[in-house]
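In the two complexes that follow, subunit A is the common piece, with subunit B as its partner first and subunit C second.
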Partner chain A sequence: MTEAALPRTTKASGPAVPVIVEQRVGPPAALWGMGILIASEGTLFICLVASYFYLRFETHPWPPDGIAPPRVAIPLIMTAILVATSVPMQLAWRAAQAGRLAAARLALVCALVVQAGYLAYEIHDFQDQLNRVAVTRDAYTSAYYVLLGADHAHVALGILFDVWLLGKLARGLTTYRVNAAQAIMWYWHFVNVVTIIVIGTLLSANV
Partner chain B sequence: MAVVAPPSPAGAERLARLERMWEARPGVLGWLTTTDHKRIGLLYFWTTLTFFGAGGTEALIMRTQLIRPNNHLVGPSTYDEIFTMHGITMIFFFIIPMTTGAFGNYLLPLMLGARDMAFPRVNALSYWIFVSSGIFLYTSLAVGAAPNAGWFDYVPLASKAFDPGHNIDFYALGLLFNSVSSTLTAGLFIVTIFKSRAPGMSLNRLPLFCYAMLAAALGLLFALPALSADLIMLYLDRNVGTHFFDVAHGGSALLWQNLFWFFGHPEVYILIVPTFGIATSIIPAFTQRKLVAFPLVAIAELLVVFIGFGVWAHHMFATGLPTTALVFFAGATAMVVIPSTIQVFAWCMSIITGAPRFRTPLLFIGGFIFMFVTGGLSGIMFLAVPFDQQVHDTYFVIAHFHYIIFGAAVFPIFGGMYYWFPKVTGRMYFERPGQISFWVIFVGTNLLFFPMHIVGLLGMTRREYTYPSGLGWTIYNQLETVGGYVLLIGILMLLGNLVVSFFRAERAGPDPWHGPTLEWTTSSPPPPYNYPVIPVVTSAYANWDDEDRARDRRRLDTGELVLELGHEQVASRPVDGQPDEIVEMPHSSPWPILLALSMAFIFSMLLIGHDSTAGVGGILCLLVLLGWHSKEPQEA
Partner chain C sequence: MRLRRLAILQWAGLFGGGIAWACAHVFGYAIQNAECGANRAAWSMSNDAWEASLLGVSMFFVLVAEAAAIAVLRGTASTTYDDDDPPASRIRFLAIAAAVSNVIFFAIIVFDLLGTLFNVACRGS
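And then the complex of A and B:
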């Protein structure tokens, strides 16, 4: 028996019969870490959104003359598509938790495809908008592009998480990977909420 | 202190096994890859002390410049750089990393009865990022482009149009880099406090030091993003051409101030709350009584930081805010008095009703209470808006916040150095010279900062590199400069005492003070695994529970809670502190320092405008992270 394979216990080691600690009650370390990341990044977005409105209330009209207000329909549809990926992310975790590896992988791939498609379209669209109105035009364009860009960056990070997790799941399930799946699911729920808030903020220029 | 019987043969065998499991890697490589919170704490200590030397030298250059009117020791542009670097260094590279990084790192797991932090490698990462960001920022001095717009770096002065060099880019990128480190430490402390406590340490048995660290960590976690957002916008304004702060293009200069102080005011409390924790550790040890009003003090520590988030605009009373806002923020500022006063009364009553032994650490805490109350009283004066507008940007403000930041934050740091010196080194310090060093420091500090009140009321504004004669300022400035050098002598006496003690003083033993908290139960210095047996705790003053500690020692023979089979520690449930699982702890790791170096590469490339090369650094970071996660810990 190697050392690592010994049962881990708070009770006496050696001749006494080892007793495994019962099932964990508190959240695993992975969720604590992700919670901290979400708290920090969430506050960052609150500051960015607050800055957007701070600038907005000092500038009339908003958007300034010569800039068309942002389109409404397409961003809303894209947001809805992205937010829908919360469902396969949740399913992937549930499946992983239940030990159904193939189902977990499938749900994760589904989510990943949609998220990657979303990001590809959004990057293309971002470039397109930049070609029409430069970020350096005024405070409105600065706030608009930086807020949107920050959101896209967080989607990109989530996609990296997905790819990493898929790589891990390719070699089977462990508790560590199930916990990782749950943490990454939390991250995506967070990014989706942030996207709703960011798009809502940007579209408020139409009001 | 009870005489400890030697462990039975079975216990001795377990100890030997623990030694092997937790043994540190030898040599320099061991230090570079360490994840041991005590080693990281010591690294933090030496590094922050170096930065303290740099910041102190800058302060003395300023004081020497101001010793007489029309002095031209340094020119105005150099003076700008020196006062900016002094502020940045003392806040971001001395006090915060000293209190959280050094004291927090070394003591938090010990007080919690844990073997290490919840995320030991993140801890190492935080340290290496901290060092890298410090070197990054100080490179600016070497290349003659140090930040020069004050530590709060107001736009438009800090915008490209008025400060075209790399000075402010060093500021924006350096502090952004540094804030990654502080955020990691903050998250680490929060998780450690909730997840790595000794069995039985429910939240009401958490030592007050840990409450203070929790308050500081929560403050950092939620305050730093505001600074980060601000710095990102500043960097983009300067290097990409956005217009967040450019009034001519619809931006707002006040946006910088609002975000900065939304970070900056909680930051002030983040600076002093950990030192409240040091005070609440020292007072029970030297009065041999439990602290008065434990729950109130715990809540007050958290409340100070919480209220601190609602007072930022009192730094902006001279910017023409609407009257409603002025009144609101003045009222919110007045509220800070309540939790602060609760703590002051609790400290004083504990000393009065206890059996105080005025050894050096307690003397420093006495000095701290005096300085904190004095600085607090001048602080209350600022919430009267007309008075604030009158003394805004004068030396009166400098006097106030140095009483708080030097008096209330650095005095307990000095007291803590003496108090925990026997624990960290295993040797006592020399008591008599220690007390003399306190009095020299106390006199020097007051001589340095008190006349600033007067000279500020006489109209001397901050940040002027010299002043004309005949204004009645000269004598006060001379007193201040003399005070500065007296303070220097006091600090050198303190450091000299500790250095000589390290080599010459008598052995201290595990518990020279009969201290209240768990760290005094283990040997001095503590072994790499902190405790041979994970202690089981039934009160917040665990070292005074003799029966519990005797029971701990007996468990070594039965093997319960020794965990010598792996590199492991007990994780606790968040609230009641009951054991929840056994977690495998990482041993030394090369990844943290590699990740910090990759990040330093990114920030350096951004500084010189090689954005695509910075992208290569990003890929490097991802590869390192891949390596970091290649070995999975075993989880239950």
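And then the complex of A and C:
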């Protein structure tokens, strides 16, 4: 296919998609938009983590008397499982970029199943913790639940992105959808890094 | 060459408002410390006058950044950010982001100014 014959639009589909994506001279607008979202959400988490450590250094003992330190093993295992989904997300984008639609869908479904399972367990665990210790008990519980809840909310948003992208890919591959796959892949890399930082922050109460 | 000028204006528009607000915030904190801190007699500053001047200057820079963003939007009127190739699409897209974010930074500075003028300075919390 000659370059002149290529429809220079995000609605381009079929065999033109990998050619257009390969010829692109810079990141698409979707990636800039995701960059802005990641920057603003990153700022939110920096503020939350800073608040946590501010409260920690002003409060003794930490966690306050009557509250057990957070468990270590299960949060670490669950974090490792979530972080592993960066691999199928990357593969999904690579496949979409190369025009391999079925492989892109399969990788995305694999990632979605693991991410949904992670969120289902974490919501159950969050509810269980809330039943034992109320969020309004003290500064520690407020900081703990807000940090963890904000992280879970970002995982939930990522799952919605995945479902939306799968719905789009069910109707074929376009340049627009390849751009979306790339942006959503970056979102998941961000969420996974944030989850590592949040869990590390919360587990630091054991130190 | 024209695209390069638009790109420079776009980055100025995108970061100008945020940098102006950040500087106003940091220098405003310093002014308040100079007036309300333990060594305030040495400085003998008027908090309201200094804060109002500082915030007025920062509002001016936010307006300049907004003007840059609008100039880029006008200069890229025939470009679509999703269909055209970079860097034109990126310049258009980030100019839209800049035009919106500068309005938000302007509002933050206005509320900072109102808070400074209507609150009693050096009052302990």
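Throughout what follows, the second predicted complex is superposed on the first by the 185 of 207 C-alpha atoms of A that agree within 3 Å, B and C clash if a C-alpha of one lies under 4 Å from a C-alpha of the other, contacts with A are read in each partner's own complex, and residues count from 1 in each chain.
Note that contacts are C-beta pairs under 8 Å (C-beta built on N, C-alpha and C of every residue); 3 or more make two chains touch, one makes a residue touch a chain.
All figures in this text were calculated on a predicted structure; none of them were measured in a lab.
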item: Touched partner set for A:Gly99, first subunit B, second subunit C, both or neither; value: neither
item: Partner chain in contact with A:Pro64 - subunit B first, subunit C second, else both or neither; value: first
item: Touched partner set for A:Leu44, first subunit B, second subunit C, both or neither; value: first
item: Subunit B or subunit C, by number of subunit A residues touched; value: B
item: Touching partner for A:Ala139 - first (subunit B), second (subunit C), both, neither; value: first
item: Partner chain(s) touched by A:Tyr54 [first = subunit B, second = subunit C, both, neither]; value: first
item: Subunit B versus subunit C as contact partner of A:Gly33, first or second or both or neither; value: both
item: First, second, both or neither for A:Trp164, with subunit B first and subunit C second; value: first
item: Partner chain(s) touched by A:Val25 [first = subunit B, second = subunit C, both, neither]; value: both
item: Intersection of subunit A interface sets (partners subunit B, subunit C); value: 8-10, 24-29, 32-33, 36, 176
item: Touching residues on subunit C, where the partner in the complex is subunit A; value: 81-87, 89-90, 92-94, 97
item: Contact footprint of subunit A on subunit B as seen in their complex; value: 10, 14, 118-119, 122, 183, 186-187, 190-191, 194-195, 199, 221-222, 224-226, 228-230, 232-233, 236-237, 240-244, 246, 249-252, 255, 258-259, 262, 534, 558-566, 568, 570-574, 579-584, 622, 626, 629, 632-636
item: Complex contacts: residues of subunit A adjacent to subunit C; value: 8-10, 24-30, 32-33, 36, 176
item: Contact set on subunit A toward subunit B in their complex; value: 3-4, 6, 8-14, 16, 20-21, 23-29, 32-33, 36-37, 39-41, 43-44, 46-48, 51, 54-55, 58-59, 64, 135-143, 145-146, 160, 164, 174-177, 179
